[in-house]
Amino acid sequence: MPTKSFRDALNEGLRQEMERDDRVIIMGEDIAGGMGAPGEDDAWGGPLGVTKGLMPQFGRERVLDTPISESAFIGCAAGAAVTGLRPVAELMFVDFMGVCFDQIFNQAAKFRYMFGGKATTPLVIRTMYGAGFRAASQHSQCLYPLFTHIPGLKVVLPSNPYEAKGLLIQAIRDDDPVMFFEHKVLYDDEADVPDEIYTIPFGEANVTREGDDATVIAFGRMVNLANEAADKLGAAGITVTVVDPRTTSPLDKETILETASETGRVVVVDEAHPRCNLATDISALICENCFDDMKAPIKQITGPHAPVPFSPSLEDLYIPKVEAIEAAVRELVGKGH
Amino acid sequence: MSEIRPIVMPKWGLAMAEGKVLEWQAGVGDVVSEGQEILDIETSKIVNSHESPVSGKIRRIVVDEGGTVPVGALLGVCAPETVSDAEIEDYVAEFLENFDWEAASEDSVAEPEFADTPVGRIRYLRQGNGEGAPIILVHGFGGDCMGWSFNQSELAEFRPAYAIDLPGHGGSEKNVGDGTVSYLARSLSAFLDAVGIRRAHLVGHSLGGAVSAALELESPGTAESISLIAPAGLGEDINIDFIDGFISQRRMRKLRAVLEMLVADSSLITDTMVEDVNKFKRLEGSAEALAALRNGAFSECRQQFRFEERLGAISAPVQVIWGRQDRILPVAHAESLPDGIRRLVLEDVGHMPHMESAGEVNDAILSFVR
Amino acid sequence: MQLSRDELRTAYKRMCLIRHFEDAVHEEFSAGNIPGFVHLYAGEESSAVGVCAHLDDRDAIASTHRGHGHCIAKGCDPKGMMLEIFGKKDGLCGGKGGSMHIADLSKGMMGANGIVGGGPPLICGAALTAKYRKTGGVAIAFVGDGASNQGTTFESYNLAKVWDLPVIFVVEDNRYAESTASAWSVGGSQVGRANGFGMPGEEVDGHDFFAVWESARQAVERAREGGGPSLLHVKLYRYYGHFEGDASTYKAPGEVEQVKTQFDALDMFKQRVTETSLLGPDELEDIEREAREIITDCVASAASADAPANSDLLTDVYVDYKF
């Protein structure tokens, strides 16, 4: 199977869906780049090159560079979706949703309900999230808990290139508005990715490791850290189940509860700030549904209740670590025999 | 020096670049014979026992348990007592010095090819350049051309060996027509036409066995020989729970339990194999293809294509290879076959003899080819 | 350009339907029969009907929180609307949207909108779809003078211009954003703003159906022919408060009565068509009576209709979702 980067896997997914369905258009700031400028066309292909090459193939009619006007073009994408296109809009950094949140959560997310089921809004908003880029407080947040909170939206967190392509194609084919979160540290990660078109269903968790001693539930980039911790622990004789829910809305509660009950010891890893995030959500879910199966209290490993700092030493402190996951599992395994 | 014989990391399948030594079943000082299982090796795809390529006394183990090295790297050394330790040391040192680690790691991760046929695109892996009618390897339900990792290279030393993806599988066209064995046989025929093969030694596993036989029945004279490995088509029974579980289960633990029905020794099923099945099932069209085959070839939980009555009509030599522990298609189907059909039943082997007992299966196939 | 007699009859009927609809909602709300809150369009009829007279099913409109008039003008079923406003199961949106979210996408009505300035970005999307599919469709964003100060509106002016979209922004300036006068809240002028974005803009007397109709005709024609976006600044007046229950103490004493007697949209329409003998007084009276009867029937139906089933609470959140 050919090896592709996270970036190239997304590019290929977009390209294949655009080839298959001419209702699919993409828009965003510098998504081709160089619009109206004297230099090269397709100068950027998106701020991190994910959409490079799509404009030359599909033309400016389907690959739309936008002014820096998130409210207008995200709302426009919602309007285009509800009138029959299947737009994929790129909201460069999820941090910028502050200026277009209304278009996402009051408009796109609610059309179907407010209009009594008579609207479909097949909109995908791709956005970058996460710390690790020395990008400071306004370009490093996770914010997927905010979107997960909102009925009408689906929220997707791919953890590697294979997942990224299959989930993106699924998102484009989905008839509901989908927030597609791409961790900016993952773009150069490589993995085997089929050339063929494939889809990964939403609401179906990926159990990436299976063990008996503890269950680690992790989101997005944190899945890779959890896998690494599980492999290290495995070498030391502690076997760990790792669950990647893939989508936070819908959420595969069944697999989460089943794997939690199987081991009785749970660590939830979420890069988001600790209050009202996915870790608290999952912890509550488990406590409410399988408390009696728990052998030890649930551990949450999250970013702190502070903005993401700029200084590298501070940002490194901010981000959850493999060692912390390992330590949490070891602590739990020491309890409740 | 010539008395010193190396044991190196084998190459199981074209995609294998490196392997990990899981367990040595023989230690320094043990006398081993050629074909004896001496160590367990894990690749990214599979765990299996490695048969000693040589007979003799193990004098050195170079890669300990847990070590991962590229294909072709020295794992251990066999030599008679007469060879001194110093000579062994020199041999190992020289081997390691001359071994091109970089080239070995990058070595030939072979690319499958594609043939355009009237039934759509067929993906195949071709190996070997020998003369004579080629060997065609046809996988079973849910398999693909990568499933012959313990066989294709060995067979390709004697004849060109083609492993194909049937329609609905791997990288081939996902349309399987009415999902019947006949449709797949016509597709196989279309593939042979597309690559210009008139006669071939057909090797079919499970559903692929039925497909191979059906091809010869519909186009007599295509087969030089037919080797059927746990083939479908020789009885009514099929473990439909396997088929249905293969189609419906996605969670690793549950799908693994299904795949474990394939083999006598469940440790052969690795996480990667399980995940690869899931990846296959996610390809566009795969789910529909598997469902169509389920409803075509195995409707009403029974095998719909049967050819045991027509075996006599096949003029090419036919052999049937079966594992005694087969839980998918019962070994009883191998009984009451007409005279003249060679029959090989392997003890402690399940539905995957070509994987579980590769050496014996390869020998049996080659006995028809050579 | 001249309107045909049929077009005039249709226009007048729609204006009457809107007026009676809003008067009826006012009464029913006062009687406590309508939940929540409603914003009424009475007095502004010329604008919705004058603009939408040029539209067909290819075309889309985005409306405001004061959306009943736009809905009727774009062809939404008044009974479905009334049931919706009463929160009934067979309302246009199943009782889930209410007054501020009435929509009928099959008619190109993309929804009233509870968010001031919510509509313009959406209508750029409808225009993009029309342009991409080459349907010849145009898209209208109705915005109030309040929304005219929202950033979303300015961003949409710019996007429509740089993407050359077939959009017409219709700024309905009814003098008040809630209680705040547009004379105070709007810096510069609406037309000046349009021109600043490189769009044609025109100020129109919104009490005069014929003035709106003619300006809209030119703007729609321009957009259909690929001439890009434009803006109409429609000056008009609302008879009721910002919402029902608003005592409107910010209005000058006698202000409403003055507009009603001198600039009532329906009266002006009647006067114009009878003076020019385009329609006769009897004909107009028949149309008005017919409209009144339709609305009376709508109210009766809405009052007796069933509420949504409890199970409707969780439907229509998604097309497909694994809860």
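For reference, chains read A, B and C in written order, and residue numbers begin at 1 within each chain.
FYI, a residue touches a chain if its C-beta (ideal position, glycine included) is under 8 Å from a C-beta of that chain, and two chains touch if they have at least 3 such contacts.
This one's a predicted model, so the numbers in the text were calculated from it and none came from an experiment.
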Chain contact topology (line, ring, star, complete or other): line
Central chain (by mean CA position): A
Intercentroid distance (Cα basis), chain C paired with chain A, Å: 40
Euclidean distance of C-alpha centroids - chain B vs chain C, Å: 70
List of chain A residues in touch with chain C within their complex: 25, 61-62, 64, 66-67, 69, 71-85, 87, 99, 102-103, 106-107, 110-120, 151-152, 154, 174-176, 202-203, 250, 252
Touching residues (chain side chain C, partner chain A) in the complex: 60, 62, 91-97, 101, 103-106, 110-111, 113-115, 118, 120-126, 128-130, 132-133, 151-152, 155-156, 158-159, 162-163, 315-323
List of chain A residues in touch with chain B within their complex: 1, 162, 166, 194-200, 204, 207, 210, 255
Residue ranges of chain B touching chain A (in the complex, touch as defined): 15, 171, 250-253, 271, 279, 282-284, 286
